[in-house]
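Before we start, here is the structure in question, set down as structure tokens.
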Amino acid sequence: MNAQLLNQMVQQVRGCTRQGKLAAYIPELAKADPEAVGICVMDIAGHCWSAGDADTVFTIQSISKVVTLLFALEHCGIQQVLSRIGAEQTADAFNSIIKLETRNSGKPLNPFINAGAIALIALLMETCGDNLFERLHAYLAKLTDNHALTIDQAVLASEQHTGDINRALAYYQKGMHVFDADVDQVLDVYFRMCSLQVTVKDLAALAHLLAVNGCRQAGAARLFSPESARCVKVLMTTCGLYDASGWFALEVGIPAKSGVGGGILAVVPGRFGVGVVGPALDEKGNSIAGIALLKELSSAFRWSVFA
Amino acid sequence: MNAQLLNQMVQQVRGCTRQGKLAAYIPELAKADPEAVGICVMDIAGHCWSAGDADTVFTIQSISKVVTLLFALEHCGIQQVLSRIGAEQTADAFNSIIKLETRNSGKPLNPFINAGAIALIALLMETCGDNLFERLHAYLAKLTDNHALTIDQAVLASEQHTGDINRALAYYQKGMHVFDADVDQVLDVYFRMCSLQVTVKDLAALAHLLAVNGCRQAGAARLFSPESARCVKVLMTTCGLYDASGWFALEVGIPAKSGVGGGILAVVPGRFGVGVVGPALDEKGNSIAGIALLKELSSAFRWSVFA
Amino acid sequence: MNAQLLNQMVQQVRGCTRQGKLAAYIPELAKADPEAVGICVMDIAGHCWSAGDADTVFTIQSISKVVTLLFALEHCGIQQVLSRIGAEQTADAFNSIIKLETRNSGKPLNPFINAGAIALIALLMETCGDNLFERLHAYLAKLTDNHALTIDQAVLASEQHTGDINRALAYYQKGMHVFDADVDQVLDVYFRMCSLQVTVKDLAALAHLLAVNGCRQAGAARLFSPESARCVKVLMTTCGLYDASGWFALEVGIPAKSGVGGGILAVVPGRFGVGVVGPALDEKGNSIAGIALLKELSSAFRWSVFA
Amino acid sequence: MNAQLLNQMVQQVRGCTRQGKLAAYIPELAKADPEAVGICVMDIAGHCWSAGDADTVFTIQSISKVVTLLFALEHCGIQQVLSRIGAEQTADAFNSIIKLETRNSGKPLNPFINAGAIALIALLMETCGDNLFERLHAYLAKLTDNHALTIDQAVLASEQHTGDINRALAYYQKGMHVFDADVDQVLDVYFRMCSLQVTVKDLAALAHLLAVNGCRQAGAARLFSPESARCVKVLMTTCGLYDASGWFALEVGIPAKSGVGGGILAVVPGRFGVGVVGPALDEKGNSIAGIALLKELSSAFRWSVFA
């Protein structure tokens, strides 16, 4: 990797931020800087390169769904996870409720749409006992090697205030017997997870761990099994960017997960962990500059796993 | 009308109850007698004829949506009511959520599906102040001339316990800004209204009032305007039996509203008010014997408003 | 009825034509005069009152579905008709294909959406033998008492050229085994029926026949049974104006059927037959001035069957 | 690879064929042997291992969509291809029409559902001139190195006879202006491509070419560019097994494409080309034994690209 090249690429994509829009459905997110663009790349040995607004703090939003999935895979195993959620991409919006009714089971399509993440938190609440948020928070601290991650209280209040579609997704699933846990408690964890503040460095550290299958370096503690890593990378590849996942696989070709805070977590298996940020979103809710940046890098360094 | 004929007809349709099923989604409803069939017909002068299990007590369920609509029309007027709900039949199930997403407004299709009745209660909560259930309850007492109507507490507990799909319908609408009222309070009124216990005599009294446009007899208090009566009868005709409303208009041809407790409220404008009960339901959630009975009567006495 | 009042009403509603748009999906229809408004009212005795552009010639379009339905009811009976189509309103657009897939039967919701009219023509093709268009055409001549009705060849060519969504509706139903007839032959009849040219006087004559249940006057030939008349009026009430049928029942309250040529056929049972025209359509495909005119008349003369 | 192991694995999975069913919607396909299971694996150097019913002849069906896509990518480029079709997985059935209406563009979700393959053939018909089937047939001959591939005329007749849902998909897209080509001509090519007879050896040869990015060996003619190979492998990974694609990525993890004839084309990039057959299908239309066999192999030889 090359810091100068990263800087050039950040400058190059900054212009496209104007074609995007800040997330509007959570009012607090609309206060972000729409022109911010930042990146951090960590290589296999743990060396980091940053460029642009790499210190910008933003809320993790849907990227937290990767953490929830990893935790669920570690604690419940892939079979129990798949008893609650599917592994198929949706061609609907990330917060769509339609398929919960049209698929008779009520089972959400995958763990990275809102309905699916809610179902997984409910599974964990039923199987892992108390203090779920604290445990997920602590797990994220280990995954990012950053024990100072805090909640953006203003975003959390905004999430809770405007979270009625998520409440509908939760109650609909409970009504369909997808889970039994208490909806308020489940959503409390869900909203808090979304409101955690990170930087692209935190994302790069998490992505690096996925790139090396769970163990940061020889002798370090294993934070998840290679099997869990594999499952997460598959699902990031097929479902990580909502209903643009297939297009992203074609254009960039690496496992990734986006959030409406503007972050993208991206993994180049066996090579790099990457975090990018750019709060201006495209119409599907993905960072417009973040995707542009990953596309440039994938093309320049042949990152696609399909090449 | 003719009591002997009514008795014959009840006997005739009793057999078809075996082709139906008791409502299962509210467990408490599954305790009803599946073979019960009863009817009460009140003519324009207030004379009553009953047959079969006319004293069977059952919960009013969705027939309460007629009471809510009448109350809303009287207090808010048709224009404000139509600002919150549509007037179109659904071709989906009574508790479907799909159209709330696919129609961009989030506005429910009509006041007689669950989503629509919830939206109307929310409108009333926002505009009519406190004690809404008590006011609706008192209004129903006047409409039926029965001040001893009580809640079936076991059914109410069952509704609340299994009401998660209704909670989803409410939160989805709130998330789409169809209403602002508190969801728990709205659903508390909704569930209590559904759990009120009635007999076919109560239904006949209410239907009679609709048949005479709101004033039981010369000199009596007017309980709703002819305009409200007209609106309710239109909506009962086009949307009263869920996604079997059009077929019922063809087969029977009178304004009616069914409930999963097995009751049907039916109005022969200017002639009769009718209440029927038969807890065994067809696959669309309508009383199988109740429809059969109304079909016989409509045919025998030329009740169809389309004849 | 009163010619002067009709003239006043026509003047009054002419302004609202500017809020509508000519049908665009059949290019030839976009050549109509968007400000034209005309009406003809025929009373029970056969007396006529006309106002506005009562001589404007326009294509019958979906109003021909009433003729097809009447013919099918007379030749096959209501039970066979209902074996092919439903009697429920759609909350989707008139040319929607979704419900053919989501309702497992593939059976169209009602005879007045495109899918349903196609299914009925197929039924007739299978059961009534050759020369179906000629027979339907001759039947319409009798129903309107006008033997000079001809096809607008330019509209027919436009229908055939742009009719691919209708072809899809037909093939989808054939694929679901709703019918067996040859799709090209079925659509040829469908397109020709839609392209027949009429005036509001023709529509008033047809509506008059429905108002008097099939026999124009004592001693005249019966053109359909009272039972067929009843079925058609029920379906016009519940499904006649596409996904605005319920709202129209509330606002106007009489059986009616609209077409994208701008015509509306309206029946005041036992009292009047009405034809109106106004090619500027609202967003649901109904004549904007036509509805306004019927609303005025219904209010002034208490036409609603639900009053 | 190891012939003995392959034989064992074939024996092992043969039992599960009884849980599947032969394709029923094309009657001719129901004549296949439901218990047949065969495989051919070709390594990078072109060496082959076969086991089970490797000489069973079956129709290529949807696997031909890979050939169409390759041809379209080579002749039109990825940008023009993406102007006609999407790259997103569907959560609906392979022949679903719903999304063509609900996504306003009418553009099919991906090239491997029926609607998408039809759209691509239409694109080729518009851009590549005459004799399209002959050219695609000749291209397949080169891709498989088998110039004796012929059409199963009985299957072709069956496809054409029962192809009305495909006709609906084609006309709906034409009506939405996704393409302009003649529907009958487009479907003629589509049905003929589906009816070509292959063995697992042919599939292995085609898969091998994808595994080596288009050039069978040093000095041989290049049959497609590495870029086309990459695009096809991405789309096979995300959309190759209909609405089970995500689950297959999790369980097996390699680019693959199934057909209702029971075949699966599978690519282990840089390592193997694989063809399997097993006409008994699971409920999503994929070979039940074929998937089981690929799962065993992927697990035994670590084939997943996500490992």
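To keep things simple, chains are lettered A, B, C and D as they appear, and every chain counts its residues starting from 1.
Basically, a residue touches a chain if its C-beta (ideal position, glycine included) is under 8 Å from a C-beta of that chain, and two chains touch if they have at least 3 such contacts.
Note that the coordinates shown come from a computational prediction; the quantities given were computed from them, not determined experimentally.
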Distance between chain centroids, defined by C-alpha means - subunit B, subunit D (Å): 53
Intercentroid distance (Cα basis), subunit B paired with subunit A, Å: 47
At what distance in angstrom does the C-alpha mean of subunit C lie from that of subunit B? 32
Multi-chain touching residues of subunit D, meaning two or more other chains, are 102
Have a look at which chains touch which and call the overall pattern line, ring, star, complete or other. ring
State which pairs of chains touch, listing all of them. A-B, A-D, B-C, C-D
State the interface residues of subunit C toward subunit B in the complex, per the touch definition above. 78, 82, 86-92, 99, 103, 109-110, 226, 230-231, 233-235, 237-239, 243-247, 249-250, 253, 255, 269, 304-307
Which residues of subunit A touch subunit B in their complex? 96-98, 100-102, 162-165, 167-172, 174-176, 183
